[in-house]
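These are the structures in question, set out in turn.
Paired with chain B in one complex and with chain C in the other, chain A is shared by the two complexes that follow.
Entry: the complex of A and B
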């Protein structure tokens, strides 16, 4: 139980219900038991981080195409924030737009993953996110 | 019945409100309101409608002017002063149906059902073939039927709203938002393995997002919408009886 308590949560920022459920299912498949919080857009994500009642997540999985505050706007906001800028962000998107990729890396993301139509590929993508995170987890 | 979109030309506020109220209960019907012949013609030239309903007397013309630009597709003329000779003139010009005011809700809706079901068969757009490849969903669910049903239900719940949104954004000519609306559909298209329209949705999303090739992209919207409507009808049969 203590170990569970120490585990930092995952913050998924995703407006699409199908994609959110897919990520949930894949995390379960990979035996990731960390708590998962889903926010529907950047604005909600920022509110979640700003709320002192919430512990900071260990990783943020971020969609780019969202209403209200999109992924890039969200990134800009947290990367200029002294407390939030250290949280690793992995972009999880369908956009293979070169500019989106470039802009995301400029904003110090930890990785850029494409949502795949192929389940096996998607599992592999998520597995690599999991490995990356386990190896590089920070304490803050 | 699949989702239908009506162009409604009427300049009287009370009649507009009555019409809106009658259609409010019919989720399968959406409409665009126009206040005049000239505005109606603008909408007609830029968008696709399943049906045109027009009042007879309008501020800048009459139903005859509307009939003149709506040469194909069904049209219903609503009028308070319906005379036999007027009826025959409308028929010559191609109007198929007439109704007298005030509209009686049940009668009006059943006429719309009749008009829209017969005219679908003669529609210009051939029925697109749509198939599902549920491999992705099956891989994902790992045999969890409840999960499969839940995912298909999201498709059924969200797709009609998405189609409605597409119609509205086309009317308001908000191309970037239209791109975003098509983007929102892609996860559902991917979920259901709809290979026939995946590339089309990708292409249209990008074109509208970057506001390029608008006219040719708009011309492809009916195919996308029709395909999605058929998909919704088909998908409802996929949910196992739980």
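Entry: the complex of A and C
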């Protein structure tokens, strides 16, 4: 089971190229070797999940401010989906707006992380996320 | 008096039987009767049918200066009315009146030339058989009435002048609802002249059609019950002018009771212009409020969106400097360090705008905040290492405030005091006094002091007194402190002496009221 969990991919939904690069870089730095898929907005994220050729990811890292379908809209869509609602979602955003946090937690997120302005600090944030998925059990 | 003169000839107690055509002797049967007539308080003159005076009493002499002996045998116009301000014909008509009565008031001259106001009543008297016997004249001094009348006339003229010069329309209506007064301002405002409207109801002149029935009902209700909710207060209602144009007025109706009768005075002001201005002002205020709200949102959105590319610049520059470290010489490394410093500063500035724009949008809930605990916590956080002494009184009060805001205020002021301190030991003192409406707190330091000319400037956003390369600061902290204090109805000011130190004093009201227009 653990072995299988380690194989599960990471789905990053992020429109900013540099932010996506940052996540990739951090994962490399933290020696995370699981496959990473990047989607540029909520719509692309849904398409990826709905494609039967793809396995369900072990975790979704979700940005909130995105074009077309933003993070909260994406959350609403998957949390009402019988198959996708069990996937843990960690919000990764610059918004420390109280409403964004409130709405996200109402939609059963696993965590709400702020993208630190400082890269070094961001590494620490991501280290916590890594610890989380390493110790957390999945239902699928 | 009138009765006496009318009844005199027929009163049985008087000795008319002794009348011989020319002489009356009252003393024979009624010795006191003559004395009575001599001494009554009115001037009494009796003339025979042709008009010759046959009797004149003491009072006549008092009033006219003519002794009875001078008058007896003369006609009334010869001496008595010689100086009267009357037409000769009128005087003649008073002689030998056989029918009817005369009553006149005129200015007469005393024998000595002094004018006095005379009331003269003349009536014929007849024998019981109806024979015309002569004329009785009764004289009186009515100077005091004339004086009173003059005062009344003057007062009337004064009142009229006041009412006519009023800038408000003044309308008086009587108990029947009819107009009795209508000043010149009313003429101007409504276009009706006083003559046209006197005796007409206001319902038919200035009350708009749609309000007529309620006006009439209210009027009746008042007369029945004495209750009138619209009375004795300023009302803003609609009125119509002569051309049936409707316009807003301010109206006050005061009921006045005089004896059993009511009358109503109404003061009216045309407020068309004021209304138009009010509407204009309200519209502007709405626009302003909207613009303000948009600006707040704008600041928030802009600062949020500006951060994303900046973060990218920050990350990329850091990676470049790390990944290609060997390829940079010392100068290149220094420039990269500067670049990263500036990027950080810009990030701080944007965070500043964001936080400033948040004031009033978030953290406005008011709870009890124990400032003793709060300030102690800040002290613990700030005092690291030697050289910082923070004195806090034992009994800082608990206030009604937003906790995050209170923390921002104290933390900003206290950390500023440390940050800019130039002494070997940084001494900070927190204190307060209790006022009737608010507490006044202070944060006092022994720092470099702030020149008076900067006392306003330092509270403006992005204003710093030292170059940012010397002391890294955004210049947002104090502007946030001031805006937050203002938000809750308080204020902040400075007392400072150069080289000695600065006190920041601020107020926290006992009952803070959110002022969202800051």
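Here is the rule we use: the second predicted complex is superposed on the first by the 132 of 140 C-alpha atoms of A that agree within 3 Å, B and C clash if a C-alpha of one lies under 4 Å from a C-alpha of the other, contacts with A are read in each partner's own complex, and residues count from 1 in each chain.
One rule holds for everything that comes next: a contact is a pair of C-beta atoms (placed from the backbone, for glycine too) under 8 Å apart; a residue touches a chain by one contact, two chains touch by 3 or more.
All values reported here derive from a predicted model rather than from experimental measurement.
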TODO: Check chain A with both chain B and chain C modelled on it and let me know: fit or clash.
DONE: clash
Open item on the list: Contacts for A:94 in the overlay, against chain B (first) and chain C (second): which applies, first, second, both or neither?
Closed with: both
Task: Contacts of A:86 with chain B and chain C, given as first, second, both or neither - done: neither
- [ ] Considering only the touch criterion stated at the top, classify A:102 as touching first (chain B), second (chain C), both, or neither.
- [x] neither
Open item on the list: Output check: A:119 vs chain B and chain C. Expected answer is one of first, second, both, neither. What do you get?
Closed with: both
Open item on the list: Just to be sure I read the superposition right, which of the two partners does A:67 touch: chain B = first, chain C = second, or both, or neither?
Closed with: first
TODO: May I ask you to decide whether A:22 touches chain B, chain C, both, or neither, giving the answer as first, second, both or neither?
DONE: both
Task: Doubly contacted chain A residues - partners chain C and chain B - done: 16-19, 21-22, 25, 65, 94, 115, 117-119
Task: Interface residues, chain A side, partner chain B - complex - done: 15-19, 21-22, 25-26, 29, 65, 67, 94, 115, 117-120
Task: Sites on chain A touched by chain C in the complex - done: 16-19, 21-22, 25, 65, 94-95, 98, 115, 117-119
- [ ] Going by the contact rule at the top, pick out the chain B residues touching chain A in the complex.
- [x] 135-136, 139-142, 147, 150-151, 154-155, 158, 180, 183-184, 186-188, 190-191, 193, 198
Task: Residues of chain C defined as touching chain A within the complex - done: 304, 307-308, 310-312, 314-316, 318-319, 344, 347, 362
